[in-house]
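Let me begin by handing over the structure; questions about it come next.
Each chain carries a letter (A, B, C and D) given by its place in the written order, and its residues are counted from 1.
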């Protein structure tokens, strides 16, 4: 057909008219033999070079990818189609003896895209996903699911609500104990004036009620911790988990108090804060909601870039604090007495909180304040793109991963039931 | 053609040179028979295995998809082209006896994308869209459109403006009544000093004017509610709608006042807030603007993820409030007297409002405040990606859905008029 | 070839083995005749139905699109490839007698995408773009470019800087005149105490200097306005432009002052604000920077959706203001004396400004404040996705439009110079 | 095959039935000769026009691109496929004698996309990337890497930490010196009352300790600067770098102090701020973290558009400041005494800092404040899309560039080791 009269032939290398047909998976590509010699190290160049004259070559490979491989021979530039997976392209390029690094810069994104997605997808820890499947054997995983995954059953939901109720109850009781009217230390001071004696009588019952409430909460927390510790699938991982250590430490203030018999809230301040960290349990309960899981991955992936924000804040605080000090300290009655307090003003302005306890009054001081506030506004915005781009990435990754996992599960269930 | 001299053949399985031509919709694919045996359960493997030797197979299917199916036989990896619809791929894979779950992880996104879009598109409730078509039959839908959709006609626009005017008028009248100079309760106190008596005389007319204004507004609201209730297409849905219940409740304070004869604003405080919720009617009027509809869908889809923000705020408030209390309470004249008021400071700082009624003064207290403000800034940013990603999704979904719906309408109108 | 021994044939309709070859632009598609009868109204069904038996049809059309058209006959579902332009698909579908509305919902986005881009691109007003080309004929456009486009030449840059200098100078002079130490009205009051007489002597020269400065600025502004008015390409458009009207009105306070001879700043307050609006000229000068132009288009396109934010703010202000009033007004020394001032507090909290002049103190009042601040934070975030999605759209649209326009210009210049 | 009986032929130009086969790289395209005449200047039209009658043409070019070229002849509209690289399309269009500017507006984005990516990628300065490779020859680059790139080795990390420690130490020492209790100037004033004499005795040791600390820091900074200056690869570039000039200037206050012998902090205020700018060294140390590098490119690319934000802030400040002044100055005890201080209020409100030192109290003044705060909130949001779109762009660009660079490196190392 090709040697028929009236066929006009034209191409990149017009001199050598000797053509060759390369049949790749049924699709026939035609080119001049000289074209194939342009890439000496590649598979085709070696075949054409060494063997006897051929009119047709057959390869059982992907025909569409070969179009682009052949174009590389013709133009010397390796472009990648965006509709084919980069991983597939790399496999085929390997077969044809072409290096992936020869891809033109304009097509790097197309060549890398899927590979990057696979690498990012691999970062998503499988431990979170396997939770959903392995809970139908012995009593241990059942109890674990009961206390750890509120979405696993109705009973787990009830336990989650009860747990939340006790956390909020204990925090409320604890917060109220610091109130001047209830706190026993301050009560003595107040009792000096006789007019409010009746009120004190009335109120003095409350501390005892709060003590009882705390005891009940303590019993629940100990019970819950023991149940979780006993039923957890891996002891070392359980005691390495920060949340569980916090849980254990949060029990100390209660025990210390019951042991010593005296109330020493103020001295054990640090331990009491621990109790409030129990509130973070709400998140461990919400971890099974999809959006929260995406947020978690987003924050983990953004951590390195996000830590620049405190650094910039710290640097700006020092610079603006020092500048404000030197512009304001000469002013009579200035509250900018020293650089550390000047830095406090700078932080309050940079975060746009602006308590109003300190503010610049001189003209250069106000210029510094304006700059400071503007940098602060920019600072708030800076982490937005990092979080946005990571969220969009992980949202699509997790959505894809879950829908595929659910599909696979269905098939395996279907296969198991049909056999 | 394939058995001609000078044909060199090379492929994945070089040993068995027996080739087979698979004609799919006119496009001829060639491969070795042994290649087709690599996936034993699939349609092609069964055909090649059981039947008599064949040199060509014809299938009336999509030729482009088969390229990728055949590549699966060759390389054992199922990649998906991104230019073909995932739904089409699944249909074809089903025909060829290949499971969608065999798709390589790098191509999951390409395989799922359109299916996810269809599922998301199905979430968009059609009830909002059908509004635009069904309004040209009886008097009932006409009146309903008049009061419910301001974009339906010029008269509807006039009624919307009138309705808005009465809402604003009644709220203004109601707000002014609480002003010390007008409020009758406080007037008696003021009237004790004689110097401002003339002013009171002058002002005392105003309450009566405001009463008259309220009466007029009341008449309009009752009229509007009755018209809407009578003309609504579905009674149960109308009375289940939160906005309509609010409307009904918002009428109570007026009736109570006119019945009892005395003015008891302060006791009925809760009911008076109801009146202001009428302002939300502005949104029900704006619901027919495209951008607002996208925002509505965005907020609805982001609701689950957005509810983490109050939770984080609540947790951080407790933690930072407690920390600030323990770092500040020893300071003389400290305003951090108890944990609840310390938590108030924490919220004011976390939201970066910073009233300045409370602020930390000790060095550790200020460190807590800096941490608190930084977490607050991060907290403000956290919901941004959720809203952004959902908005971009629903914006394109709704835009596509509307333009296709409008096109279909045009065609149906055209067909109706031509026939 | 198709009737050879050993050919196995299988497809959607296995019964009728009569095959047909459809040659579209050189690519041969094969199918069963019965397949083509599934869509009775289409071009192919009519051809096969009415004419004499054919074994091959030739069409000089796009071969790739026909693959998808034929698949529609086979499966009854019309999918669109994403790599082909939606406009091209529509043209080809029209030829084959297939309606665009038959496209499956999963492929609507692929079918509409390019059309939406074209429609959005058409919104970009060409008037801004033609500015760059038409400035090389008479004196009029040259002077217009000199005063209107600072990027057109070095002289235009100098004039822009001079204009900016005079604007800033006049505003500085005007601002200083209101300072208590300079303002002649307050000077008399100050001069009562003799101790600072020497200072007054010294200062009293300043008002005269400021008057002289204002006169010089006035002369420049009149000159600039006349030059622009004379050289503008279209008089009606020039006087319809808001900025030019503001310019004209901003000249009034000066003239009024020079006419009347007395200084009546305070009475003419409104007109003096006009002067400051001249500052907006900076933007008309920056309009030729690419990023600013994108921002302008973004804001214009986002306007409808952005106007919901003030509406939500207004509604929330009323609701939270009323709620705060009813929770706070019983408290002694409360600053929440009436609903209007309560609404002021609500706005200050919603925008997270938090001056601290008013703040809630009761427990329910603080709960309202917390809700209010949280809604405020959400409110700030709400317009972000609208602006982001529009910016990304217009950024790519304008970038593409400019690069294509520049390329066309180069070619036309090249063609003009070569001929 | 084409002249066989029973072949029906139909196309865009049905009149001239003379067909031509164009074999492009093995793929045969068929069309009517008249179709090729529609674009007179192109390569195919010239061939068909001038030469003798041909039935087949062969071109050794990309077959897929030619499908779209031929479609241009058929329909007169040039559409681009999105799966092929725009650069490849342009090369092929050039061969076929078609201008890139003939591409339809709907396909401009597809045609330009990759070219824009290449241009943006070229902006990324290679100097930052080459750092990672050239550090294994002489002592000079080794020392340079030691002091400049903390990620290059463990020793470099130690030096970075030491450097950071000295920066923080010197700033702490410097900040403490301004504290009233330590500052020698204020000490004399305090010493007047005898009661705190013992405390002063105790404290007066501290200034001497701080002096010693400063001396040690000074020695380290001089050592570090000398090492960096000696080992830097390019002297001119080193002394042109802003950070290094700041480093040098930051040494001055110390020298001036040690020379003069007296402490003149307040007079040399400006120079002392320099010391704090040393804190920015943290960023030069973090420059080698990926996320920070993306942020840096993002900010550089967004600079032009971001500078509109201060401009808008400046304009709004003037406008709202003037408006607030004219609405508030009549109020007794108003803090809005003049326009400059009114502008201070406007800035504090626009940035949502809201110190509370000034706030409007009249009704029109509060309306101005509400407008001002709302514009402020919008202003904060405005730069978000610019940063987001640039970050997403540079994130993918840099990620692609790095992964390709790392791959190339691996191959070169592999090749070097194998040879």
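FYI, a contact is a pair of C-beta atoms (placed from the backbone, for glycine too) under 8 Å apart; a residue touches a chain by one contact, two chains touch by 3 or more.
Source: prediction; values computed, not measured.
Between the two copies, chain C and chain D, the Cα superposition rotates by 90°, quoted to the nearest 5.
The greater number of contacting C-beta pairs, out of the two interfaces B-D and A-B, is seen for A-B.
Because chain B and chain C share one sequence, their contact can be compared position by position; here under half of the interface residue numbers appear on both sides. Averaging Cα coordinates per chain places chain A and chain B 23 Å apart. Each chain gets one centre point, the mean of its Cα atoms, and the points for chain B and chain D are 33 Å apart. Contact of a single residue of chain A with at least two other chains is seen at positions 27, 82-84, 115, 340, 352-356, 380, 384, 388.
Chain contact summary for the complex, chain C toward chain B: residues 2, 4, 6-13, 19, 21-22, 27-32, 35, 67, 70-71, 74-75, 77, 79-84, 99-101, 103-110, 112, 115-116, 302, 304-305, 308, 311-312, 314-315, 318-319, 321-323, 325-327, 329-330, 337-340, 343, 349, 352-356, 359, 363, 366, 369-370, 373-374, 376-378, 380-382, 384-386, 388-389. Looking at the complex, you find that chain C touches chain D at residues 23, 25-27, 47, 51-64, 82-88, 91, 114-115, 117-118, 121, 171, 174-176, 178-180, 183, 266, 269-270, 272-273, 275-277, 279-280, 282-283, 286, 289-292, 294-295, 298, 306, 309-310, 313, 340, 344, 347-348, 351-357, 379-380, 383-384, 387-388, 390-392, 395-397, 399-401, 403-404, 407-408, 411.
Residues 82-83, 352, 354-356, 384, 388 of chain B are the ones touching chain D in the complex.
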